[in-house]
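Sharing a structure here in structure tokens format.
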Amino acid sequence: MHDKLIRIEAEKIEKTFAKTLLFRNINFNLGKGDSFYITGPNGSGKSTLLQILAGIQKPSSGNVIYTSDNSVIESEDYKDFLGFTGPQVNPYDMLTSIENLTFTSTESVDENLMIEYLEKFDLYRHRTKSVKYYSSGMKQRLRLIHALINNPEILMLDEPCSNLDSKGRDILYRILDEVKNNKILIIATNEPEDINLCSKGINLEQ
Amino acid sequence: MNNRILNNIKKDFLIESRNRSAINISFAFAGITTLSVSLAAGGVPFTPVIHAIIFWIILFFSAMSGLAHIFIREEEEKNSLFLSLYYTPEEIYLSKLIFNIILFLSISVIVTVLYLFFLQVLPVYLFLFILTVVAGSIAIASVTTILGAMVSKAGSGSSLFTVISFPILLPVLWTAISLTSVSIDGTGIQEYRNILFLLAFSGVIVSVSYLSFKFIWTEL
Amino acid sequence: MKIYHRFIFYFLIFIVMPAVFLMALIWVPPAEFLGESSRILYFHVPVAWISVVSFIIAGYHSIMILCTEKGRTEREYKSYNAAYSGIVFTILTVITGSIWAKISWGSYWNWDPRETSIVILMLIYISYFSLYSALKDNTNRTMISSVYLLIAMITMPFFVFIIPRVYPSLHPDTIINADRKIHLEAAMKLTLFTSIAVFTIFYGYIFRLMNRISLLEHRLQEKQNDN
């Protein structure tokens, strides 16, 4: 799947929510190797824009267009190309990390790969505990593993560093540095380090 | 796709088995209601029609207490976004439907056994009776799956669920009651045709629900 | 709407409709053994007819909401308004029906097939509104309510098969059936059909009015959003 040329385009996106205008006239076009940040003050709509790009919400006007080798991808198929995570994405509390990963991963992912990721994020030693007993930092790491493990072409992260300690951030940045040249990376964040990781971006304060 | 649906069902059973309170309460409700009826009746004999009516009312309210749970749990535990990132609405619908059918058939078995035992009823046409319970339970589970999904998005709980389920379940209840009454007292024609009616009803509801589930589940 | 269409419309509502009332209450001779109370026929039948028509309109718009994106914003309030007027007319049907039943048969309610169907229709409307208001904070409210109406609609054919079998003809036939067996005199036929026609047009008028109000409310809100 990585041989295909995936592009994601935002065309004049506008969102109004509860009678307030969040943003309008958002335009950009991204391809493999692009890393893009979305930033702005709290409440400016970063998470909303990211969810619109992921196909989870619909914009009030405008279009999001995914293309693979110049043919349009339908919104039902986005999940085949997309790894998304954010504070509203919650793995099942009653399951362990391995059970959650078994549930969400595609056939190409085997148990060894899951163990590898758990070790990378230092969650291997907690693998038999239910997610209910995880700290918020551990939960965040598990969320990131879920987004990364299927090796998606597009990676969308909403506040990836929230709740992470410095060690967690190091792990995350190391992995993102490795993969960002092969993927489209979009991060919604307020952290300057995240912004520095990206080659271009927008600020929703307007 | 079948594999993924199976995965989803396995996951639901796993979660429910770890935190058994909701399922336990559903079974307890079914058992307690049946016992309450038999105790309240105090040995007074019911006619077959009354037996049929009470039996299906117990099943109806047992369904109301338990069948919206698998959707409400996804909403309350905030897992719905997580789920929809990895599974299409159709896969989610089919797995929840199968889960509900299995759950409600189990509840029906318990209610049937307790009812027949404590109220000392033995249906004359036993085969028809069993078929009615199975077909009726499948029909109830089919309707309550899609309506449970709607109620879970509303967050109002089981009273809303009962209100919206009742009109849709009326044909099922009427048919099942008349079939059950015939099978208990052994008079009247055995209309197996009505079993087909129940199955046809389930089939139509499931098809329409399958096609329209995505409008409920995904927020567009 | 063109000017002369409007004139015909208003003529029908403001002149023919009161004329129909006069016809029903004064001009038409009372039915054979039902007496003066048979006059309620000319109000009960149209009102029952309208409640069914509303349901079909609400169902149609709900299905269209699910099928196409185009015109979704208008259909949102059209299906709601159709259901709203539908429940009002259904309640009127039940009230007029039970008054008539009391006068003619001595009891307000008889559970025969027609009465049962109208009660079921009322239950479906009530459920629809309960669901709609419970979804107050949900952006997906219209879609979910539309799916509910769709499911209610597909249940209807099953009801048609079942109801006659559940409450068999041990109960007396409804007045309406009885009337059709007795030939309606020409005058009664005329009044009845004019009444149905005029009520339908009146309903169309109300429906249009409700939709226009909803459209204006919608536009007002959009203007507020732009500021």
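Letters A, B and C name the chains as they come in the text, with residue numbers starting at 1 for each one.
In this text, a residue touches a chain if its C-beta (ideal position, glycine included) is under 8 Å from a C-beta of that chain, and two chains touch if they have at least 3 such contacts.
As the structure is a computational prediction, the values presented were derived from the model and not from experiment.
Student: Which chain has its C-alpha centre closest to the mean of all protein C-alpha atoms shown?
Tutor: Of all chains shown, the one whose C-alpha centre lies nearest the global C-alpha mean is B.
Student: Hey, which pair has more contacts between C-betas, A-B or B-C?
Tutor: B-C
Student: Taking each chain's centre as the mean of its Cα atoms, which chain lies farthest from subunit B?
Tutor: Farthest chain from subunit B, going by C-alpha centroids: A.
Student: I'd like the Å distance between the centres of subunit A and subunit C, where a centre is the mean of that chain's Cα atoms.
Tutor: About 51 Å, centre to centre.
Student: Any idea how many Å lie between the Cα centroids of subunit A and subunit B?
Tutor: The separation of the two C-alpha centroids amounts to 38 Å.
Student: How big is the gap, in whole Å, between where the Cα atoms of subunit B centre and where those of subunit C centre?
Tutor: Spacing between the chain centres: roughly 32 Å.
Student: Identify all positions of subunit A at which a residue touches two or more other chains, and write them in rising order.
Tutor: Within subunit A, no residue touches at least two other chains.
Student: List, in ascending order, every residue of subunit B touching at least 2 other chains.
Tutor: 219-220, in rising order.
Student: Quick one: in the complex, what on subunit C touches subunit B?
Tutor: 66, 120, 123-124, 126-127, 130-131, 134-135, 138-140, 143-144, 146-148, 150-152, 154-155, 158-159, 161-162, 165-166
Student: Quick one: in the complex, what on subunit B touches subunit C?
Tutor: 143, 146-147, 150-151, 153-156, 160, 163-164, 166-168, 170-171, 174-175, 178, 197, 201, 204-205, 208-209, 212, 215-216, 219-220
Student: Which of the residues in subunit B end up touching subunit A in this complex?
Tutor: Residue list for subunit B touching subunit A: 7-8, 11, 14-15, 18-19, 77-79, 81-82, 84-86, 88, 218-220.
Student: Within their complex, state which residues of subunit A touch subunit B.
Tutor: 56-58, 76, 79, 82, 84, 88-95, 99, 103-104, 130, 146
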